[in-house]
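Please go over the structures that come below.
Both complexes below contain subunit A, partnered by subunit B and then by subunit C.
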Partner chain A sequence: MVIQQIANGLVLGSLYALVALGLTIVYGVLRVLHVAHAGVFVLGAYAGLLVYVSSGSIVLCLAVAMLVCGFAGFLMYRFLYRPVLGRPALIPLIVSIGTFMFLEDLYRLVMGPYIKALPLKLSLPGLDLPFLRLTGQQLFIVGVTALLLLALWWLMKGTRLGLAWRASAQDMETAGAHGINTDVIVGLCFVIGSAIAAVAGIMVGSYYNQVYPSMGSVPAYKALAVIVLGGLGSVPGTVVAGLALGLAETLTMVWVGTILPREAIAFLVLILMLLVKPTGLLGRAS
Partner chain B sequence: MLYLVTVSTMVCIYIILASGLNIITGYAGQPNLGHAAFFGIGAYASALLTTKVGLSFWAAMPLAVVIAASVGFVLGIISLRLREDFLAITTIGVNFVVVSVFLYFDYFGRALGLGGIPRPSIFGHVLNKPEYLVLVVFLVAAVLLVCWVFSRSRLGLMVSAVREDELAAHSLGLNVTALKLAAFVFGTALAGLGGSVYAHFMTFISPYDFAFPVSITVMCMVVLGGAGTFWGPVVGAIILASAPEIMRFIQQYRMLIYGGLLAVLMIFQPAGLLGADSVFVRGGARLVARVRGRVVQSG
Partner chain C sequence: MRTAKLKVFVAVLCVLGIVLAMSGCGPKRPEVVKIGVYAPITGPAAADGLAATNAAQLAADKINEAGGINGTRVEILTYDDRFESASAVAVAHQAIERDGVVALVSGSYSTPTRAVAPIAQEAGIPHVAGYAVHPDVTAAGNYNFRNSFVGTVQGKAGAWVAINQMNAQKVCILMVDTDFGRILGETFQAECEAAGVQVLSADTYPYGEKDFSALMTKIKGLNPDLLYATGYYAEGAAIALAAKTAGLTCKVLGMEGMDSPMFLELGGEATEGWVITSNLNRDDASPVTQEFIEEYETQFGIQADMVAASTYDAVLIVCEAMRLGGFEPAAIRDAIAGLQNFQGATGLIQGFTAGGEVIKPVQVQIVEGGEFHYYAVVDDPAIITPPN
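And then the complex of A and B:
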């Protein structure tokens, strides 16, 4: 029972980590709270849904959604964030919130307000042990999260691109002075982060078998809680925070019952943690 | 007519809210994306004090202000030591937590909200909606007067100094944390006042009236009008609070246009309509200069 709940919590946590991962990458290099990331996440779910319904291929569905979202992410950086880069943090944040509101309504108008099903047919065997049962889909979610994390980790630590990313994150000006084209790096961050959001959108959509225009509104702000918990801009921190939050939510639901709705638990954990450690779970003092 | 009264009262309430947020975000430069939480605390405090404790509006309103400000004080102490981005997210969190507390305790009426909140009465005469509007207009005038005095006072100038350069303000001997806290308490007190006025106007409140989108709306008013200017939030509140009514014919696309406008405005006019580099302010200055020039020429 306990093991089962922990496993469920970790699956939920993987979803949170997936959603928040792109946000962290963007925040790390640009210091922008990219609320509209959740808009990209919904775009990914819809793109995946359309491709999957017409082709029936999961690989194609993921690939197209990642391409579409990557491009959308690039456009957002180019036309929304780049013009306001030097401004106080509140300005890009409000641009982002406005864009997110715009996108949510756009999806409602284009795709209709109804919930659509996204029944990904996975030919994966589930795990069936006496004390633990996981469906093929849950394994798929954990597997994809792990795979994306490994790929990202390699990208950050093992490539010149990752080096340039880390340099830009530390000091944009100095990195530029050393011949790094920071504009391209930041653009790439948006592309990669948004592609991950596409995967997250498809995963969440298929996990609950629901795709609808406002499916991004809770993740939009909860993901912010996750990246703060993880210490803004830290990729491993975000994953740990996502998993921890998934666990915390599932376990309080089981043991304490629904004292507060889920959104509130996330933020309650956040506020309590910031009291103790104002720099985030794995964050360093700045 | 009654419709116009209702819309005008809501505009007034939003002016109070936006002016309060302007103290925190505009003058002190602290992002607060949970302003609706304090709006809600004021409304619930006032509603509970009148319906359950049995106080009159005149006693409940100042108490609601004090309660909202005290919560603001406690949360301010906790959160103002955080970095700017952390603070923005923490205040979002405060909004979600406060709304869910309203939603999940019987005492606060849960999702059904609180009803039967009395309208204020004067010498036994219960104010109707138009009379209430007169009262609210007086309150708005009082609030604006206080904000005006604040923005010209030593305290206001010190708070603005903190916004401009925290380090410099600190090295000039200002107590940065205390000043931020003062602005936070002042702003949340005004939110509490707005809440009380709202509760006794609607006579019914529910948790969703104070949800996160309301915080965003108020923030939009401040930033649209021009954060840190005296008239900015007032203009922003008048435009955005009446816009949904005027734009009713495009109901279907309201949020689309609202969100899009917000993003575009922030990109091209980040200081707001009345801010320093706004086309209107520059155009106005040019106009004044031209008129003056003509006067000089003819004289």
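And then the complex of A and C:
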């Protein structure tokens, strides 16, 4: 049973990591707390839902949702963040929170207040051992997270784009002076990060079989806790932190009981990290 | 003499005029009578808000088509409480003071309804709650009535079904951490323990929870023969899916929060075989129930659920009271309090207790082939009579 609970925690943690991964890339290069990332996550879930219902194809559903969200991410950067980039860090943060609230209500108006089902039909084999039982869908979630982690790692460490990303993250002005088009790099980060959010939205929506306008409100702050815990802008750190949070929530629920709601755990982690590292969140402003 | 005759003639005319004038407004029969229905039309419970307002309108249409209440047409005014106490208070004042409703019907949850109850009491306006379960709703005073089961009645009925119909020996309990979920779960637990049924675990989870994998693995390890789950349709569906994923094979008993087509849609095949306590029996032979289910589905394109049926009945109860007692709020209140054996969509309403609680059988439904069907009915007076 302990092994099963650890597996449960890892599946949940993979979902957290998926939501936070895109956010890390944006935070790493721009030092902006992109709360509206959770709004892109919901957009991904709805786009995936619409495509899946009309086509029945999982590949098409993922591809279209990633395209739609990638484009939405680009638009957000171009028209919302870029105009306020030179300002104090609070201003992009307020822009971001406002955008997120706007998006939530937009989804409610367009798609209705109801919870919609997203029953992806995955014909993947599951695992059924005496001590461990995982469905094909759970394995798929862990697999996709691992795959995205590896792909991003390669992108960051093994390509010129990654080099430019790291240079811009360290010092945007110096990177610009060395001939890197930082505007394009940041825009690309938004596109890639938002496309990953689309995958996260579809995974979360289909795992719980529920897609609804406010499904981003918990991930909005939980993803923040994950990227703070993961070391702000570190891709492997985010995945480790996501898995750790999933495990912590699951194991507390089993051993301590449900006295402490799971949402409180993410908050506790966030508060502890802020106490230990108070300059962490608003980064360069200080 | 002439003047005297003229005086008599004028006097007769006057009397005649007064009599005629009085007979005109005669035995007070207004053309239209207004009932205020509030529900969470927007906000997180919007699906229930829509079901409630649709059902209330359907009830009024049905009465008006049949000629109204002794010739008086029923008008439903709907208000959005947004699932909040503050908005509920505002719309209650608006309904009573500005719009002049003679009765209020709650198509909403406990939180808004318990905020409205004292306002209705103070204004002397009868207030019938469709499905709000909190004790404070009827505790606000004698103008408040409830057409759904108080938590303890449904919890007791659940335990009776678990023990006598589903033969449970070892049970696990999972309850949503709200008044509603806790009262049902705790009553269920006490009844089981009193009957010698082993309670292996009793866990709570926060409202809105989606991930039940850890709890389901824990429950599977305890190996119960029945799981009693309280919650609303979204949590219920998530529990059903997580139970299937974890390979939990025991019987599951839920409650009226899961009585919704959304539960069946979101939970899919995983809900098959679930038994729930509710107040709507889809297989009830009564024409009132069958007509309601049929007309609701035809008109709104969605299956009727507990919320719709309960709000429908709350409106019917108010209208029946008007038919019996007239259109004055105090008379309507007295007529509701005295109502006996009234056939509603949710079954035979035997009457109300002095505390304003309904007395009617608890319906037990089972999910078969993706639909709710009759499983059992609990009509033992010792179980279904509310404590006050």
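The rule is short, and it goes like this: the second predicted complex is superposed on the first by the 272 of 286 C-alpha atoms of A that agree within 3 Å, B and C clash if a C-alpha of one lies under 4 Å from a C-alpha of the other, contacts with A are read in each partner's own complex, and residues count from 1 in each chain.
Everything below uses one rule, namely that a residue touches a chain if its C-beta (ideal position, glycine included) is under 8 Å from a C-beta of that chain, and two chains touch if they have at least 3 such contacts.
Just so we're clear, the structure is a prediction, and the values are computed from it rather than from any experiment.
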Partner with the higher number of touched subunit A residues, subunit C or subunit B: B
Partner chain(s) touched by A:Asn209 [first = subunit B, second = subunit C, both, neither]: second
Partner chain(s) touched by A:Thr24 [first = subunit B, second = subunit C, both, neither]: neither
Partner chain in contact with A:Gln5 - subunit B first, subunit C second, else both or neither: second
Intersection of the subunit A residues that touch subunit B with those that touch subunit C: 258, 261, 263
Subunit C - residues contacting subunit A, complex: 42-44, 46-47, 177, 203-206, 209-211, 213-215, 217-218, 221, 234, 237-238, 241, 245-247, 262, 265-268
Contacting residues of subunit A [partner subunit B, same complex]: 27, 31, 33, 80, 83-84, 87-91, 93-106, 109, 221, 224-225, 228, 232, 258-261, 263-264, 266-268, 270-271, 274-275, 278, 280, 286
Subunit B residues touching subunit A - in the complex, by the definition given at the top: 25, 29, 31, 78-79, 81-86, 88-90, 92-94, 96-97, 99-101, 103-104, 212, 216, 219-220, 223, 227, 252-256, 258-264, 266-267, 270
Complex interface listing, subunit A residues touching subunit C: 1, 4-5, 8-9, 11-12, 113-115, 117, 119, 128, 133, 135, 138, 208-210, 214, 249-251, 253-254, 257-258, 261-263
